[in-house]
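You will see subunit A twice below: alongside subunit B first, and alongside subunit C after that.
Entry: the complex of A and B
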């Protein structure tokens, strides 16, 4: 499925189940996401993680609602299945979508300005460096006997300075390689957007609407 | 009004990733707090205490980059990072990202992107709390709590957002100001 439409489907369905109270639809979404993840060869370890996390947090939330609120069993069931559905749908999307293809699709199919598409890509490719930088900053502070926590302003100060430096350098590098903002571009790789993608999007949305409004529990 | 250029786009993205990485590191703390509070039925408190940290990318990006939309974009990209790292809330993280970012954005909008000071950050903390709380009422079923408990949750959430999005952000931007890297 086209990544942009896949994202649209994910966000629309997640938004809709946040405001409706039909647990059977949540369960169907969980099962469908699970099947899609199995078909997409997601590892068992990842699946176990995707199940344990919402079970733990959803369970804790439901327990709190029972003790501190006036929720009915139906309401609790809706909240719990909703949490699992969020995580499963997110897992399906994150595990079966390549960020590079998604960005290309957003640029070509969803008409995101190319400066955003390439800006995001440039930054996301620095991800490992960014992770290493946080450790470096903490280690450097430790050598001077300073421990930096997530509430230490110095940690963020250093992080922002690094971010400013790198964004200057990356932007200069892109300009010197001929990148011009808002100039028309050609694409080495095109992401197809065909009738089948639209049918899948509209079809899935219609099915969800039927499920939500036909009177299921 | 300032427009987005490639440098700003890269800056807000790198900033969001940095915040994502730092926030990712506090997930064990979130789990520990949840496990601690859950037996007494106080799980949402774990959420409220840490919420300020998760919504910090918004005010920080808004304050440092000073272009309309910076707070929303910063928070949304932080959420994208979190989802791809495998965050606790999955798909709804993306929606929460927009909701939280827009909440902070309202504070900057209220001062018409002209004033960057205590008032802006306090307003931003207030709008973030109001907007995200409305979202929690629907998404996490907060509407089913007793009123007294709901008020407690709201107070804790505001305190957290104010401490991290207000006080800590101000301390950070003070350091940046002294280093002369903020544009005026």
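Entry: the complex of A and C
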């Protein structure tokens, strides 16, 4: 499916289930997301993580609400399934969408200004670099007799400084490779946006509406 | 064919009183390979960034065939001038080599159907077709510089600027890049301007040397250029005093069946490897071959297979905090090691946490003066030039005085004068405190009397070189 429409579908459905209380629809969304993730060869470890984290937090929330004794079972069921559904849908999107394809699609199909599209991509590409930087900063500080913990302000100062430095370098690199804000670009790789994508988007949305309508008390 | 001319250019960094460039006049003709040299922190990078239009400033004094960069439409600027940066990994936006090339060509609005062919041609020209679909982050510094040049070739920029592009690159890669640059200037009429403080190996390629001193540029005549380049004769780069450690010599750090890999690529095949106390070991080898990976493994920052022991104990069993006192690494990127804001604060931290009672504030001041940093005590570290940062980093790590100091390219970006001073200070401290140095350096001049052992990494194997003791 076209990444931009996929993103739109995700946001719309997530918004809808935020305002409606139909746990059966949430369950269907969880099952569908799971099937799509399995079809997309998402690793078992990832799936386990995606299940355990919302199950833990959802469970904690349900437990605390039960203790207060004001919430109905239906409400608890909705809250729990909604949380898992969010994470599963997010997981489906994140695990089955290539960031570069999404960037190109946002630029070409959604007509997002290229500086936002490529800014997003650059930030994404920076993630592993930040992780590596944190462990390097900690080690380097230890070699100067300073122990940095994850709550040490100095650690954040260093990481922010590094990130600011990278953003300057990145801006220079993009300029040097001919990137000009708001200037037209050509596209050697075009991201197709075909009737099938629209059918999938509209079809899915209709199905969710029917589910919500039927399921409403 | 684009001629670059600079008229009456003055540039001062904000919050600094002295201009880095003072009423500079110069011209760089098309079809010539010009080399700019000067001390580190002298303004070479600033000049190149100004020419490239990467610094916000009034650059009316810089013209390309009598047009200023601002007079050229923004989308045409990358066809006029492009720059290759000192730090190889910081010049890319995309994930893979092909995607980055495609990004650059799309920015230039090259018709989509021409892009694949331009991309292939550029990779062919530099000889890196095999790297096409590799992740940029997984490439070595030398490979990244080759990619960066391939992008400039693909963009067909008329003026090619290079800022210390060979700072951490092995001689073989450097030679390939120099040959291609000479070819670009001679056969395709490109204007090549390269800044480097290290003048070795340029004789056959460079047309003209320009010296930047005290904010002023001086062009040398062809004869003067050749004379100056000859002072960097390769004869000085030989290590004649290194010995091979004796077989029965006991090692302080010992690798047992040690092997190194990076991104599924084998760097070093399993071998036993020892490092010896109170000596200086110099490690050399092609870039990307695993020297930095070895240093990171020695301080428990990288993955390795096999076992590394320190004084007989597996380093995995040693507490990180305690081990950091014994074996510390001076990182290749200086900024990594700084924790404060000003030069003075940074020194104070090292003096406070030093593992030895050797250094006094007066000694630190003395060393600062020797390193030409005494005027910068109140300055924010991140506004120092890369060479100045390197010197400060070295000083901070020396004051810490760990038993074993690992140095990853400690001389990167240093001019000849600073290099001499730094080596002398390293020797003095080693003599006084009986330290052990293990250093990785591509810069070999001046190291002959410093290194005791020379460990060479070739064909995925470390071997000690030199005469038998």
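In the analysis below, the second predicted complex is superposed on the first by the 210 of 217 C-alpha atoms of A that agree within 3 Å, B and C clash if a C-alpha of one lies under 4 Å from a C-alpha of the other, contacts with A are read in each partner's own complex, and residues count from 1 in each chain.
We take it that a contact is a pair of C-beta atoms (placed from the backbone, for glycine too) under 8 Å apart; a residue touches a chain by one contact, two chains touch by 3 or more.
Note that the structure is a prediction, hence the values are computed from the model and not measured.
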| item | value |
| --- | --- |
| Side-by-side fit of subunit B and subunit C on subunit A, or clash | fit |
| First, second, both or neither for A:179, with subunit B first and subunit C second | both |
| Contacts of A:136 with subunit B and subunit C, given as first, second, both or neither | second |
| Partner chain in contact with A:11 - subunit B first, subunit C second, else both or neither | first |
| Subunit B versus subunit C as contact partner of A:144, first or second or both or neither | second |
| Touched partner set for A:23, first subunit B, second subunit C, both or neither | neither |
| Partner chain(s) touched by A:154 [first = subunit B, second = subunit C, both, neither] | both |
| Partner chain in contact with A:54 - subunit B first, subunit C second, else both or neither | first |
| Once both complexes are placed on the shared chain, angle at subunit A toward subunit B and subunit C, C-alpha, multiple of 10 degrees | 80 |
| Greater residue coverage of subunit A in the superposed arrangement, subunit B or subunit C | B |
| Contacts of A:128 with subunit B and subunit C, given as first, second, both or neither | second |
| Partner chain in contact with A:93 - subunit B first, subunit C second, else both or neither | first |
| After superposition on chain A, the shortest CA separation from subunit B to subunit C (Å) | 6 |
| Residues of subunit A that lie at the interface with subunit B and also at the interface with subunit C | 118, 122, 154, 161-162, 166, 170, 174-175, 179 |
| Partner subunit A, residues of subunit C touching it in the complex | 49, 52-54, 74-75, 77-79, 82-83, 85, 87, 90-95, 99-100, 102-112, 115-116, 137, 151, 155, 299-301, 320-321, 324-325, 328-329, 331, 335-337, 339, 349-350, 352-355, 382, 396-397, 400, 402 |
| Complex interface listing, subunit B residues touching subunit A | 4-11, 13-15, 17-18, 21-23, 25-26, 31, 34-35, 37-44, 53, 60, 64, 77, 83-84, 86-95, 138-141, 144-146, 149, 164, 168, 171-172, 174-176, 179, 181 |
| For the subunit A and subunit B complex, residues of the former touching the latter | 10-11, 14-15, 18-19, 46, 49-50, 53-54, 56-57, 59-61, 63-71, 75, 78-79, 82-83, 86-91, 93-94, 99, 115-116, 118-120, 122-124, 126-127, 130-131, 133-134, 150-151, 153-157, 159-164, 166-168, 170-171, 174-175, 179, 181 |
| Contact set on subunit A toward subunit C in their complex | 100, 118, 121-122, 125, 128-129, 135-137, 139-147, 154, 158, 161-162, 165-166, 169-170, 172-180, 183-190 |
